[in-house]
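In the two complexes that follow, chain A is the common piece, with chain B as its partner first and chain C second.
Up next is the complex of A and B:
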C-alpha cells in the first residue's frame, strides 16, 4: 500500500496480547484514516451500549495517509474512542510528531482493548511491542512522564501520555504528546486512564511509501507555495498565533464573556495575540512538516505564575480569560501550562470554572462548597487555584473535573452549563455569528468549533465572505465545512493548511500519494460519509433533534453590550434547512437514499 | 471617531488607536488621511490600487464594511473603526 502502511496493531491489555492485522484496504480507501477509519472501527466493533470507562471500550490512535510525508503540515493523528463526556464517537485531533512516528513504526492504527491489571505503558519500536510496568510514572505530570518514559525506552521516542487528570478519570482529561500538543476534547484521557494505560512510547525506522513520487512532489510543492503566499498560513499565524483572534472576535461583538452572559470584553486587548507576542512569546513553533508554525513557545516571568511551555491558543486565552472575566495574561498562560501538565482540556476546564463562577455569584454555591475560595468572575488567583484542584481531583476540583454540565446539574442549574450535548462550546458567541451556532448545535461531538469552522468565512474573510449576522446560506456553509473538515481530519493533514489550500489540492496530493484517484467530489463525499457515520452512532446513543440545540441563554437572552448588542441566535431559521440539505428527515435522521448514496448501513 | 489597529497594522502605525476629530463622510477618505500619516506599508495594507485591499478586514461598529459599501461605507462621528490584517483561525 502507498500512504497507508497496511498494518494495524491490536493490543489487548487484559490478556497482555499483541496482534498484527492487515489494514482493510476498502475501509482505508473509503474512510482514509484517523477520524474516519477510527470511527468506522468503533462502529463495527463496539456495542453502542458500552460504558465508555469500562474495559470494553476501545481506544484507537490513528494517523492518516498523509501523516509522516512531506505534504504540508502532515503531522496529524487522532485519538478515537467512545467519549465518556457524552457518549459520542470522540475523535480528538493532535499534532506534534507522534503521528508520523506511528507511521514510521509501521502502523495505520493502534487499537487498545481491555484494561491492564496494573498501571502500564506501551513501548512500540517498529515490530517490537512491550507492555511495561508504569508504577514508577503513575501520578506524574505529562512532562515528567515523557522524560521518564524516554529514559526507559529511547531518547528519540515520541510519547503520548495522560497526566493525573486522566488517572482520576476526569471527563475533561486529555492526552498530551511531545509534552505540549493535546488530543484535547471529550475525555479521551479518561478512557486511557480507565485502561490503566499511562503512556505510549513509539519509535520507528520505516518510511511512508508514495505511489507517484513526481506527481506527489509537484502537488506538495504547489500546496506549500499556496500556503506560504496566504497572509494567514504564510505569516499571520507565525507572528501572533491563534490568540490573535481575541481582538477581532471582540470587535465583532462575539467574544463570549463571563460564561456567555455577554459578548464583549472591554479589556480583551490585554489577552490577545499582540499582547502575547509582546510579553510572553519566546518563539513560534511548528509541528512535523509544518511551515505555518502557529505554536507558541512562551514563558511567564511573573513570580506568581512563573512557567515555561507552549500556548496559549485563542480558545485557552478565551476560556480562562474573557469567559472568566479575567484579563491577566500571565495567569491565563499559567492555567494553560497547568492544564498541559495535569492533562486537561483547556476549553472545557475554563468554561467549567466560568460556570462555577456564575453559580457562585448567584449564590447557588458558596465558599463552603468551594473550599473557602471566593470563586467570582475576575478572581484571577481563584481561577488558577481551581485549575490545580481540578488537576489533582481535590476538594471542589473533583466536581470541576467532571465538566460544567454535571457541575451545573448537581446544583440545580443545568441551564448555566454552556454546552451542546454536554461538551463546552468554544470561543465564538452564536448570537453574534449565526453560522457557528448552527455548527455548535449540530456538531457530532457537541460544542466544537473546529469541525465546521464557519468563522473563516463569517468573520475572517478567508477566501469568501458571509455576513455573520444573517442566517441565509448558513446551512449550506456549515455542511460544506463539516464535510470537508471530516475528510481532512481523516487524511492526516492539518486544518490550518486550509489557510492556503482547499479540497482540490488535498484530493490531488492524496491521489498522488496513495495511487487511488480521488476527485474533489469523492473527497467531500468521504467527509459526508464520516459525518453521517458519527450521526448514526449518536442516534443509537439516544440523541435526538431535541439535542441539536443551544443553551437557552443564546436563543433568548440578547448580548448586553458591544457591537452585537441585542442579538440572539436564530437557530430555528437554519436547522430545518440544514436537515433538508443533508438528506435527513425533519427529525434529523439520515434518509435511506442518503445512506445508500454514502454506502452506510 | 476612534480608529483601532490590530496585529501587524500596529507595526505600520506605531500605535494601537487614534482619535480622529474631523470625521470624513466615508471610509475611502479616512483611509487616505491615515495612509498619508503612516506611509507606504499602511497604504499597501489597506489599498489595492484604488480598491479596498481584499486582505484587509475593516469593521465599523463591529460590522464589516464589505456589507456597507467598502470604500463608500458611510462614517459618523461616534463610530469605532477597527482595522485588521487577515488573521488566524482556531
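Up next is the complex of A and C:
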C-alpha cells in the first residue's frame, strides 16, 4: 500500500499475545487513518456501554497516511478509546515524532486490549514486539520515564507514556510523547493506567511508500508555499506560539475570566505570546515534518517557579491565567511544566482549579477542604500548589484530579463546572463568539475547540470574515469545520496547516500519496462520515440532545465588562438549524437518508 | 566559487524535514534511517542538531579506502564522492569518519553519505528554518562571524 503500511498490530495485555493483521484496504480508503480509522475500529469492536477503565476498553494509537512523509506539518497520531472523563468516543491528537516512528516500524495502528497483570511497558522495534516489566519505572514522571525506557531499549526510541496522573487514574490524565507532546482531553491517560501500561517505546527502520512521487512532491511544494506565505502559519505562530491569541481574544471580549464569570481580563497582555517571547522563550520547536514551529522551548528563571520545558500554549496561558484571575506568566509556565511532568491536561486542570476558586470564594468550600490553602482567584502560589497536589493525587488534589464536574457536583454546585458533556471548555467565551459555542455544545468529545475551530473565521478572518456576535450562518460554518477537521485529523495533518491550506490541497496531496483519487467533496464526505460515526456511538452510549448544551451561565448571565459586555450565547437560535443541516432529526439523531449517503449502518 | 553545506544548530527546530527530503531524493521513499542527514534532538534541553558529511578536504574516509571508491570528485569541488562499482563494502570509511557521517546500509548494500544531491541539496530546500544553508565557501562563516561581531559592537557602544 502507498501512504499506509498495510499492517495493524493487536496486543492483548491480559494474555500477553501479539497479533499482526492486514489493514482493511476499503476501511483505510473510507476512513483514512488516525481518528477515522481508529474510530471505525472502536465502533466495530467496542460496546459503547463498556466501563472505560475496565480491561474491556480498547486503546488505539494510530498515525494517518501523511504521517511519516514530508507533507507539511503532518506527522501526527491519534489516541482513540472510550474516554473515562465523560464516556465519549475519545480521539486525542498529538504531534512530536512518535506517530512517524510507528509508521517506520510498520504499523497503521496499535490496538491495545486487556490489562497487564503488573506494571508493564511495550517495546516495539520493527517486527519485534515485547511486553516488558515496568516495576522500576512505575511512579516516575514523564521525562524520567522516557529516559528510563530509552535506557532499557534504544536511545533513539520514541516513547509515549503516562505520568503519575495516569497511574492514579486521574480523569484528566494525558498520554505524553517525547516528554512535551500531549495526547490530551477526556482522560485517555487513565485508560493507559487502568491497563497497567506505563509506556510504549517504538523504533522503526522501515519506510512510507508514495504512489506518485513527482505529483506528491509538487503538491507538497505548493502546500508549503501557501503555509509559508500565510501571516499566521508562516510567521505569527513561530514568533509568538499559539499564546499570541491572548491579546486578540481579550480585544474581542471573549477571553473567559475567573471561571467564566467575565469575558475580559484587563492585564491579559502580561500572559500573552508577546510577553512569553520576551521573557521565557528559548527557541521555537517543530513537531515531525513541521514547517510552522509553534512549539515553545521555554525557561523560567524566577526561583519560585524555576523550570525548563515546553509551553505554554494559548489554552494553558488562559486556563492557569485569566481563568484563575492570574497574570503571572512565570507561575503559569511552571504549572504547564508540572502538568507535562505529571501527565495532565492543562485546559481541564486550570479550569478545575478556577472552579474550585469560585467555590472557595462563595463559601461552598473552605480552607478545611483545601488542605489549609486560601484558594482565591489571583493566588498564584495556591494555583501552582494545587497542580502539584492533583498530580500526586494527594489531599484536595485527589478531587481536582477528577475534573471540575465531579468537584462542583460533590459540593452541590454542578452549575459552576464550566464544561460541556463534563469536559472543560477551552479559552473562547461562547458569549463573545457565537459559533464556537455551538461547536462546544455539539462537540463529539465535549467542550473542545479543535473539533470545529470557527475562531479562524469569526475572529482571525482566515480566508473569510463573519461577525462573532451574530448567529446567522454559524450552523453551516460549524458543520463545514467539523467535517473538514475530522478528515484532516484522520489524514495525519496538523490543524494549524489550515493557516495556509485547505481541503483542496490536502485532498491533492492525499491522492498523490495513496494513489486513491480524493476530490475535495470526497475528502469532506469522509469527514462527515467520521463525525456521524462518532455521534452515533455517543448516542448509543447514552448521550441525548439534552447534552448538546452549554453551562447555564453562558446562556443566561451576560459578560460583565469589556468589548462583549452584555452578550450571552444564543445557542437556541443555532442548534435546530445545525441538526437540520446535518440531516438529523429534532432529537439530534442522524436520519436514514444521511446514513445511507455516508455508507454508515 | 565552490559551495559548502553549513549547519546552524541554533536555528534547527528538530522537524527532520531534512531527513525526509534526503531519503525521498535518494531512495524515492520516506525512510529516515536511509537519509544521509540525521537531526538529533535532546528533548530535555530542547535542542536539535543536524549532522551530515562535511566533505572534508583531508578526508579520513578517502585515506582509508583501499579501492579508491571513496574519492574527491573530479567534477565537483568540495565533494567527496562514493563509487558503488569499485567499492568492496569493507566499511573502513564508516570506521574512519570521526563524525559517523558515512554509514553502511545492509538493506541496499550501500555506503550512505551526503553527496549534496550533486550540488542542489534537497535538505536545504526543505529546511523551513534556515538551519541548513548551501553557501559559497568564501562566505560560509561570514554571517555567523558578523552576528557575533554585532554583539561586541553593542557591548562597546554601551561602555564607550
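Everything that follows uses one rule, which is that the second predicted complex is superposed on the first by the 601 of 601 C-alpha atoms of A that agree within 3 Å, B and C clash if a C-alpha of one lies under 4 Å from a C-alpha of the other, contacts with A are read in each partner's own complex, and residues count from 1 in each chain.
As a working rule, a contact is a pair of C-beta atoms (placed from the backbone, for glycine too) under 8 Å apart; a residue touches a chain by one contact, two chains touch by 3 or more.
The model shown is predicted, which means the values in this text are computed figures rather than measured ones.
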- Message: Contact-wise, after the overlay, does A:285 reach chain B, chain C, both or neither (first, second, both, neither)?
- Response: second
- Message: Quick check for you: in the superposed arrangement, does A:404 touch first (chain B), second (chain C), both or neither?
- Response: neither
- Check the residue A:251 against both partner chains and state whether it touches chain B (first), chain C (second), both, or neither. first
- Task: State whether A:562 touches chain B only (first), chain C only (second), both chains, or neither.
- Result: first
- Query: When the two structures are overlaid on chain A, which partner does A:94 contact: first (chain B), second (chain C), both, or neither?
  - Reply: neither
- With the two structures laid over each other on chain A, which partner does A:145 touch: chain B (first), chain C (second), both, or neither? neither
- Item | chain A-touching residues of chain B, taken from the complex the two chains share | 4, 6-8, 10, 16, 54-55, 57, 59, 61-64, 66-67, 80, 82, 84-90
- Note: in the complex, chain C contacts chain A through residues 10, 13-17, 20-21, 23-24, 27-34, 41, 43-46, 48, 126, 128-129
- Query: Considering the complex alone, what residue numbers of chain A touch chain C?
  - Reply: 68-70, 97, 100, 104, 143, 146, 178-180, 204-210, 213, 217, 224, 228, 282-293, 295, 297, 308-310
- Message: Going by the contact rule set out above, which residues of chain A touch chain B in the complex?
- Response: 231-232, 235-237, 239-242, 244-245, 247-248, 251-253, 269, 272-274, 294, 313-315, 432, 449-450, 453, 455-456, 460-462, 465, 467, 469, 495-496, 499, 562-564
